[in-house]
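Each of the two complexes below includes subunit A, the first together with subunit B, the second together with subunit C.
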Partner chain A sequence: MVTLKLAYKNIIGAGLRTWLNVVVLSFSFVLIIWTQGLYKGMNQQASRAMKEMELGGGQFWHPEYDPYDPLTLEDSHGPIPEELQVLIDKGEAVPILITSATIYPDGRFQTVQLKGILPEQSILGLPTGSLRNGQELPVLIGTRMAKSANLDIGDYFTIRWRDARGVFDAIDGKVVNIFRTTVGAVDRGQIWVPIDRLREMLGMPGEGTIVVIGKDTVVPEKAGDWVFRNLDYLLREIAEVIRTKKVGASIMYALLLSMALLAIFDTQVLSLFRRRKEMGTLMALGMTRGMLIRIFTLEGAFHGILAVLVGAVYGVPLLIWFEKNGWPLPDYADDFGMALGNTLYPIYGAWLVIGTTLLILLAVTIVSFLPTRRIAKLKPTDALRGKIS
Partner chain B sequence: MDKAAIITVENVYKSFPMGTGEFTALKEVNLTFGEGEFTGIVGPSGSGKTTLLNIIGSLDVPTKGKAIVMGRNINDLTQKEAADLRNRYLGFIFQTYNLLPVYNVYENVELPLLLLGMPSKERDTAIRQALDWVGLSDKIESRPAQLSGGECQRVAIARAMVKKPKIVLADEPTANLDAKNSHHILRTMEALNRELGTTFIFATHDEKVIRYLRRKVSLEDGKVVADQSMKTQ
Partner chain C sequence: MKNGILPLLGLVLSILHAQYPPAEEILKKIDANLVSKNRVAVTTMIIHGRRGSRSVSAKSWIQGDEKSFTEYLAPPREKGTKMLKIGDRLWMYSPATDRIIRIAGHMLRQSLMGSDLSYEDMMEDPKLSNLYNAEIVGSEELNNRDCWVLELTARTTDVAYYSRRVWVDKERSLVLKENRYAKSGKLLKTTEVKEVFPVDGRWYPKKILFKDMLSKGKGTELIIESIEFDVPIPDYIFSKAALRK
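Showing the complex of A and B:
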């Protein structure tokens, strides 16, 4: 208790030197939480959007389906297994049939993925209801696709594909709706049509390439030879992107934290040098070396505690403001490969704040303790003369 | 000698390494100090006064011989036991006052009591009494930087006396003070010695101090060359 009291008095008494260290440390403290919160928000925002628009609660894939190899699309279709058809009939899953196609908007040609989906589905957030009507082939596209193909609602364009027998065929499709989404994977290079029409066009009645399961649907243990891909698997790329970005950010805040810790280390070393007489006096008054080490270590640790308090004063309102208003992203953020949208909303969990606080306090305490080990060898007579033994 | 012996120094030698050889600061020192003494260890610079004071104060240990303070052999004490001895029985006054700059007068005087673990109410009473002895009751909020040299040394005396130690060791306490302040300090210490029966041992070569002593131990090249009772003013 005495050491605590003395350490507190010393650190407050040191005035500007203390506050400079505290402010620098509090910057790194707030910045670490802020960036970590951004990445957490990025992860959750992207995952949520992808689940809503593309992944649902997981997907069953035709055994031949490989999203990274468009050449497999020709073979990756088949009758939907009975276990999945039951779920589809109950509205707890939605089948998607995928094939390659070429479109000819304004006389140009563009390779796309032609996707058939049930217009009545409610598993994914795509506005597929607009595919219900019309004699013509209704087509649903996203804003990115519309922009790249220069298409608008009501526009007609030719779609050419190869059916199950390998015969090329073509039809004019009409853009019935254009949707806006942060998930580029359901938009860029994709055109959506009713699945029944696509099955007809391809000569693949009752077939599909993938079946998306609803998020609360109980996943069947088996569905023929179709393979279940859970969300961990489907979101692994996002997790990898976040991890990579986090490493970059970690280097930045490790540097920042190192600078703050170096300032504290420097202060401690300087303190030991400047306050040798004080240490000698305290020893003459009856203080043990152990108590001196505790005082100096606590003085350093108080920097961390004060930094947390100072950081809280300006950091809490700042972080709350960011959490509410988000971080506006530039237009090219769409090219980051993640479903982020125009604004990124950071998420600051209790563990993020507690964990970062503990990490900083621990680092500061260790850095403060290291130089004080010299006190263990300090002779009172040397200290009183202003010497370090 | 006054009353019972509380410090006994027997055949003490103290050497320090110096270059490739060593320097002997104390040689064959034999002394006894009783309760309530007002004694000076006198000698020129380098005669070993401070070294002897450090050994008596358990801040250092003899190279040879033994020093027994309050019944404890300094040579046998661990670092913690030595700190405990200083904490309970010894007060120190230094030439440069050695006050802690970030503490005010009250807090500086409070330090030894905090280390003793005295409850706050008793502590407050003792601090105010000690500051009263040295005439600084009106300066309790001042920081050392706001005080004169004489006032700083009076704070140092209050800090040494606040726990009513058995022994006060004062190393050149007047060296940085003018004559007026020196006499004020010495009269204060003399009064405390008479009032509380505290043993005062000075290391000094200041004639002003010597005039107040009741016993003078003269050191020369680390050896006791004279030990005499004095007639005080």
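Showing the complex of A and C:
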């Protein structure tokens, strides 16, 4: 207890030098939590939006389907397996038929993915209900597609495609609704139509390319030769992007933290040098070398504790403000390839705060301890004379 | 009265129809006129876009219906680009990237050098008699030439254009105008022969205007600068190795 009190009095007594170290360390502390919170928020925000608009609770893919190889699209369709049809009939899954087509909005030529979906579905957050009406071919598009093709609700445009046999066909579609989403993967370069109409247009009755299952749907063990892709697989790209970003960010943490720790290390070395006589006196009064080491290490460690407290004073309101108001993203953030929207909301978990606090305290304690090892070799007589080996 | 008119009308129509030669024969004559064992042609494509026109020149070696090799000669940006078609496969070589890529799937639907022709237009079987049933629907004058008007309907289910209407020069057995329709009946493309020239005892199109009727462009003109029929073409031309040479 005496050691603790002595260490505390010493560090407070050091005045401005202590507070400078504490403030710099607190910056690192707050910045690490803030940045980590942003990455966590980025991951959760993108994953949540993708699950809601695109992935559901996982997807069954036609064996030939490869979203990264558009050349396979022509062959990646087939009858929906019975196991999945049962789920579709119960409203627990939704089939999607995909083909490529060309659209001519205002006489301009644009290649798109033409997707057929059940208008009655509720698995995905797409407003497919608007595809129910009309004698004409109702078309649902996203805001990005609407912008790139210069289309608005009520506009007609020609769609040209090739059916299952390769015969050209064309029809005019009418934009019945435009949806806004952060998920570019269901919007950019895509047009949505009722699946029954698309099956008829392509001459592919009862066929599909993928089947999206609901969040709480029990995944059938087998569905013909269709391949099940779970959320870990479907979200692996986001996880990889976040992992890469975290690696980049950790270099920044290391730099910031090392600056703060270097300052503490310097302070400790300087303190040992300037307080040689004090150490000699304390040893002459009966204090052991171990107790001295403890005092000096504790003094250093107090930097960490004070940094946590100081960081909390300005960091807690700041982080809470960011959590509520988010971090506004520029317009070009949409091109990052992640479903983030206009604002990124950070998420600070308890483990993030506890983990970061412990990490900083541990690093500060180690850095504080290292210079004090010299005390182990200190002779009281030399110390009293102001010598240190 | 009515009972008398209908058979009479039928009789008149059948007499008129009997004056027409068999449509299938006309198709065969068209194919015989256009198709050759092999040919080498130098062409210029004038693409009329929204922001003006540009020309692309190319030399093509064509063997029957199956094989063709095209090397682009101008403009400098396209010079050295080569295309090889063997059966239903198409490859393209770009000197800028020094890469050979296979054009397949949705890429076939893309425009060829920004023109009104797509890559898949190049892949079509040029022999109409292989693909369509024909019916003569009339006789019209087009560009001061007497023409048969033929309605072509796909004979097979895997033909690109479900139906076509063609205007065929009666004397020269040459298609002077063509409308290509989608299955739904929508007009997709038109071709119009603006100029013809005699070559090796046959009449051949000299200048053709292609127009994608769904887009707002002014069309693409194809001018045949020179053409030679039945000249020997070495086999190595139709190989992927020739693309890089």
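The working rule: the second predicted complex is superposed on the first by the 389 of 389 C-alpha atoms of A that agree within 3 Å, B and C clash if a C-alpha of one lies under 4 Å from a C-alpha of the other, contacts with A are read in each partner's own complex, and residues count from 1 in each chain.
Methods note: a contact is a pair of C-beta atoms (placed from the backbone, for glycine too) under 8 Å apart; a residue touches a chain by one contact, two chains touch by 3 or more.
Quick caveat: nothing in here was measured; it's all calculated off a predicted structure.
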- Task: Consider subunit A as the common anchor and indicate whether subunit B and subunit C clash or fit when overlaid.
- Result: fit
- Message: Is A:K379 touching anything from subunit B or subunit C once the two structures are fitted on A? First, second, both or neither.
- Response: first
- With the two complexes superposed on chain A, say which partner A:L285 touches: subunit B (first), subunit C (second), both, or neither. first
- Message: For A:E74, using the defined touch cut-off, is the partner it touches subunit B, subunit C, both, or neither? Pick first, second, both or neither.
- Response: second
- Message: Looking at A:G166 after the superposition, I want to know if it touches subunit B, subunit C, both of them or none. Which is it: first, second, both, neither?
- Response: second
- Task: Could you tell me if A:Y233 is touching subunit B, subunit C, both of them or neither one (first, second, both, neither)?
- Result: neither
- Message: I'd like to know which partner A:F273 touches here: subunit B for first, subunit C for second, both or neither.
- Response: neither
- Query: Which holds for A:W321: it touches subunit B only (first), subunit C only (second), both, or neither?
  - Reply: neither
- Task: With both structures superposed on the shared chain, find the angle between the C-alpha centres of subunit B and subunit C as seen from the C-alpha centre of subunit A, to the nearest 10 degrees.
- Result: 150
- Query: With the two structures laid over each other on chain A, which partner does A:D106 touch: subunit B (first), subunit C (second), both, or neither?
  - Reply: second
- Message: Quick check on the superposed model: minimum Cα to Cα separation from subunit B to subunit C, whole Å please.
- Response: 74
- Write out the stretch or stretches of subunit B touching subunit A in their complex. 54, 57, 59-60, 79-80, 83-84, 86-88, 90, 92, 94, 96, 98, 100-103, 107, 111-112, 114-117, 159
- Task: State the interface residues of subunit A toward subunit B in the complex, per the touch definition above.
- Result: 2, 5-6, 9-10, 12-14, 277-278, 280-290, 379-381, 384
- Item | Complex interface listing, subunit A residues touching subunit C | 70-74, 100, 102, 104, 106-109, 111, 158, 160, 162-163, 165-171
- Which of the residues in subunit C end up touching subunit A in this complex? 104-107, 109-111, 154, 157-162, 180, 182-184, 186, 188, 212, 214-217
